[in-house]
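Some structures are shown below for you to check.
The same chain A turns up in both complexes below, where it pairs with chain B and then with chain C.
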Partner chain A sequence: MFTQNLAPVSLIDSVVFGDHDWLENSVEWQADLRLELVREAFAHHLASCPQYASFADRKGVTAEHIQTVDDLVRIPQLPTSVFKRQRVLSVPPDEIVMNFTSSGTSGTKSVIHRDGVTLHRLCGMMRSDSPLFGNYLDGMDETNSTIINLGPSRSDSGNVWFSYVMSLLEQMAPMQSYVVGSDLLLKEAVDDVRRSLVEMDKVFVVGPPFLVSDFCQEVIGAGAPLEGGDSLFVFTGGGWKNRESERMDRHEFNKVVGEALSLADPLQIRDVFNQVELNTLLVECEHHRKHVPPWVHAFTRDPVTFEPLPDGEAGVLCFSDATAKSYPCFLVGDDVARVLSGVCDCGRPGVTMELVRRLRGSSHAGCAETIRSTVQAD
Partner chain B sequence: MKTERLDAWTSEGRRVAVWRSAPEDFAPDAPIVVMSPGFARRMRDVGSIALCLVGNGAIVYRFDSIDHIGLSDGDIRNFTLTGMRQSMIAAIELARATENRRGVRLVAMSLANLAAYQVAAEDKDIERIMALSGVVDGHRTITEVTGRDYLSMAREELPAILPVMGHDVDPVPLWTDSRETRCLSYERTIRSLKAISAPVANCVAEGDPWVDVGECTTAYTDGDGGERLVIKLPYSGHDLGRNPVAVMTILERMASLAIGNGPMHDADPQAVLMPTFDAVLEARIAERQQDFSEQRAAKTEGSPAV
Partner chain C sequence: MNQSEEGKPAPRLKLPFIVGGKRYVAPGEQQVLRTEDRCEVILPAFTADVKSKIDGLDRNLLRDVPIQDIIAFLNRVGRNWRSSEYSRRRLFIAQLQMVLGYSEEAAEHEADWIGVLFTSHARMLDLLDIELGSRFILDEWVRSDEAMVHAYPVGRVTHVLPGNVPSSTVISLLRALLTKNISVLKVASGDPVTALSLALSLIELDASHPVTRAVTVAYWPEDNELGAELIRSSDGVVAWGSAIAVQRAKERCGAEASFTPFGPKRSLALVGRGADPHKAALGVAHDASLYDQAACFSVQEVFVEGDLEPFLTELDAGLRRYESLLPPRKLSTDELAYLNGRRLDQEFAGGKLYATASRAAIFVAPADAQLDPPLEAPLQRTVIVRPVKDLVEALAHVDEGVQTVAVAPWDVIAEHRDELAKRRVSRIVELGLNNVFRIGGTHDGMRPLQRLVRYVSHEAPAREFPKGMVLPLDQTKILENKSFQDVVF
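Moving on, here comes the complex of A and B:
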């Protein structure tokens, strides 16, 4: 009789893939877990990414400096522009599975190199029973639900991160994608939703808000009402991109979409936050706040001094995401937001984030004035 | 990986749905693996294991048991271990007839491990058995899963329906099967293991609430008919398929054991070619589509002509 042992699964994997519900634990409990997970990730990237290690060295921060939850803000963070200029890797190049870019049409794009583990972790979050989605996806399964994707299929999404992420929702339920080449097949998408509402318990329309808006216009234009009732759900992400001028505020968007699709409850519409450099989805709750899971440390910085800001103060949104193995996901982001710790109005304890607006300007270096004016205008 | 749908038949003429997956080109002595998912899991749920085995040169036959969820005859309401064993025998014989060779390896998940031992105890051409979360004491496991020792109750005490892992099961067929064949008993496992001279291995999570590592070690010591190997996984839970990062580690080891030829305890996981992230994802989605379209076809076939 022989006995052998396999290597243990890391803490981050047991949290991402495990079935314990961190939302059932206190804010402090989540903070302690966050400290452990993000510190472990910091140590990994220091040891595996020479560029990041020398950056941290210049900042004079080592893993030993991160002892308490309050120390997490000391972890050196990279401006996203770094990923536009150089290849930043924390794994051997042959482990990289895909190189992703943002979906913007102008300027130099960030390139984020992801390995299988990093992508598996992202996929691991995308399950209907994950606390990440609150109870938005309760009762959804692959036999009773279908997803209508107002975007390209995975094979057509190329290296565009947002399209790829949305297409990954297909692992939760069968999906049809309605962007082919550069065309959105609106009529076909609407017809599919009508058909699916007859055959399925739950139908999800996913896509950026401007395409959801186009979808609603198509429904209205068709003249035949679409009875979404309590079976149709709308999941948006990715912002308004180059159709910023058409942006509706959230209240107005919910009203337009809710009426066009005859939704029983505006809470059937939810938004998700993500960007190519971030490996986690931050999903909106019933109170339109994006909940931050315990493997991500989110906070804001003063736009001028870059000093960390207290809870609830609008500033430049910064992330440390422990699920990224192939690149150091310690980022100064491109958005202005507020981050709050405590019990959300929805009743779930933890950290939540509320976007204020995109930052104007393309890089952080030298754009402090732009950032400041953005924040002060708020 | 090319997957085709085949039908096998039990000795009682019931249809067992089988998926045969093979590499584009394979050696004449390519290992033939027959794989069974556990209770309440379909053959498409073990797609990543099939993908890995096929990627390393094996020909893999997967099946859904009769009287179970999936594409075979019957409903999980009438589940018995004997039905699972008969399905396994049907799949093995189909593999032998199709490949025109006798030697077959078994990969079994959870409860299907008991069926694998019972089959191999009477079939000397089973070359090795590799289990994941393999149950060794069916009676104890079912008691743990259902929360009560229904198998020891008198028949009239049994409830009409027993919810098991999200499925409604009529306890009578299971109870009768257990009484008549002792198929769920620990003693039957030991008897089977003593009769199996082929190598046998089991990957068991240390935190598995339904399969105890110590119980498996004892069973392998008592049932020492050939090489026995317990691989301890420092994870919790029984459904290890949920954690793809853990699956990748387990897969490497499982594949090296399932397709190797030397002693199991010397198998080299480094020699295993792992499937890519994309290949696993695409196979999973493609197999779900295949499963759904076969279900639709079966419904059409079974519905009365208009």
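Moving on, here comes the complex of A and C:
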């Protein structure tokens, strides 16, 4: 009687929420799982999103066409610009619980409508024992760790996706947030890191790289060294935004941060990739490669032909993410990257992604107007 | 990926500024412009020294130079540009390919346009006649009913130039010189070569000529405060380009300065039932291929009445023909990725990809397609064809953002001209002629020369009877006699 209204646990949920370490399985095993999960998601969106179904129909692709892992590239994908101009839903509108936007440095922002299931799956990934994080968070719990968030708290993050995602780290350990309104309380953050290093085994500083850079400058400016040793960890994400001109390459960033915070090992600095249209975090391993979990199919396309590229070739980064229920998360992204399948130098098998750079936006459209203004009928 | 992605350094091009007709080479600081992944352009930094030299230029330099001398000098410059042996022309063609990614054929065409525009002396005089009322008005007092009117230059005009259409730079400069203004050509990061090539060709002909000394070419980034100050202290601002660029220039323009905006516009075509499919399609192909649709007069959408298939077949052939005549610009990796994304967006919105050539593409928009705002047009020779039962349906897609409506057959226009005008389009032309601005025509609703002059009127004395009166104008007497209504008819 009690189980009548309970849906059976789906395969995707058992993988996302379960404690199975897929990284212990072979590349082929992960690929088979990926095929099953992404194909199931494709079928769901074909059945539930009329706009997407119509698009796939015009592209001549049905669920039956997806029989092997190699077929996954046939799943019709959407440019992120679609989400800047229209609502694309695979669930009834009343099931949407939050509408997220990109933090966006300019122009129109994407709006992604997420339902409870889609959000829960994201939350399900945010646990210290998730294989998503490798062993970066091993031993972290709420009694021995604290998180210094160079961003707003979850309640203050509003609908800005990146801030929301980073604030979800509070599920793993107590978190203090240091952006209040539009102010970053750098001095308070530095003081609290010093205090926490005395009281806790592990202290995590999380935030976009430009704010971590500001944090380091505050430490240097204070004149008193901060001894991070093997207790302080830095977790970055979100890119340099409108401070692109200050961007440091990864090697330089690690050097500056490692020296400023006296870290025992640069491996204590990790980066995560995410964008508002993607429902999964891709977390960096010890070898600075971002691991792609088996519910995401990542590959690159030739920018000239948009045809899929072989493993390892730099191209436009594309994703198909099976965890998104409320919208078809089959994306042509805005980054240049390489995607590799095999055993990473860190020893973990699977798919990894190496970000090359952000695609530059359109240039010099000049006086040709590309967006029609709203027509006013006489 | 492309070569520069693989680590090969982009070619570098070092260019000077021109200040008052003289080369200005910075002793130290430099600015580096990266034009996509094609090349790096190194320019002097826009420093206080550059600005002070520009501020020191005589704003009335051309005021007393007769128009015929200005036009004669421009004509001599143009004759150089008409020669395929002219070294500046050859360098310009090479730089358009290197910096803007133009094909050789398209770059040659641009150089031809410079030659034609600079040597159009008769057209220049016509332009003065039409836009200012008299070709003598900048040289002398001209009778204008009960007044004598003399037009003078506004002074120093700053041109915020576009990076997409080199001939805009030529037109902008010619208009300013024809109205005897001195010019500061603020180049766009996308095209630092056209303005410099023009200025250098003036110097090469006669460095001491007042027309040469009336031209300054510089670049500063958008957030440069010295550049903003220069705009604020200009007597006129002519702003071309994107909505953001034009808006920013407007905000910086002084309250009493003239402002001439050539902001973002789009253009479309109407193909009526009686049109010859071959001729109409070739016209669309021309109007969509020139400048790879980056100009405001570039046709983006075509509304086709009647049988669609013959037109589509001809359009496909026409676009391919133009890929040979004027090969498309070489795009960077990122530009290509952007283009592919926008075309995919068209497909998601319901557009049906009919055909692709090496760059051009045709999408057909069924009635249920959602190709309306805010969907972005992909440009780069992407033509959106909208079948309609009657061309009247096209009117729903016309607003003040439309610059040019191109039509075929020509007689169709009589039926739609008034309605298009009410919807605030700027030009109506025959298909295939979008880039030809006829003498007497308007530009974005304006006669631009009028924005670049100030008129002084020297009005008739009291002894000259005002129109409507049959006796001298003695206002005291009129007031005393309370006869105002009796004497003025």
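Some observations on this one:
As a convention for this text, the second predicted complex is superposed on the first by the 354 of 378 C-alpha atoms of A that agree within 3 Å, B and C clash if a C-alpha of one lies under 4 Å from a C-alpha of the other, contacts with A are read in each partner's own complex, and residues count from 1 in each chain.
Convention: a contact is a pair of C-beta atoms (placed from the backbone, for glycine too) under 8 Å apart; a residue touches a chain by one contact, two chains touch by 3 or more.
Computed from a predicted model, the values in this text were never measured in an experiment.
In the superposed model, A:R243 makes contact with neither chain B nor chain C.
In the superposition on chain A, A:R85 contacts chain C only, with no contact to chain B.
Using the contact criterion defined above for the overlaid structures, shared-chain residue A:H65 touches neither chain B nor chain C, since it reaches no partner. Contacts of A:Q171 after superposition: chain B is touched, whereas chain C is not reached. One of chain B and chain C touches more residues of chain A, and that partner is C.
Of the two partner chains, chain B is the only one touched by A:V9; chain C is not. In the superposition on chain A, contact is made by A:G124 with chain B only, not with chain C.
In the superposition on chain A, no residue of chain A contacts both chain B and chain C. On chain B, the positions that touch chain A within their shared complex are 203, 217, 220-221, 224, 227-237, 242-246, 248-250, 253, 264-265, 276-278, 281, 284-285, 288-289, 292.
Residues 1, 5, 36, 162-165, 168, 188, 190-191, 240-243, 262-266, 293-296, 298, 300, 332-338, 340-342, 344-345, 347-348, 350, 352, 370, 372-377, 379, 396-401, 422-423 of chain C touch chain A in their complex.
Residues of chain A touching chain C in their complex: 51, 54-55, 58-59, 77-82, 84-86, 108, 301, 303-304, 306, 313-316, 332, 336, 356, 359-378. Considering their complex, residues 1-10, 13-14, 17-19, 97-98, 116-117, 119-121, 123-124, 142, 168, 170-171, 174 of chain A touch chain B.
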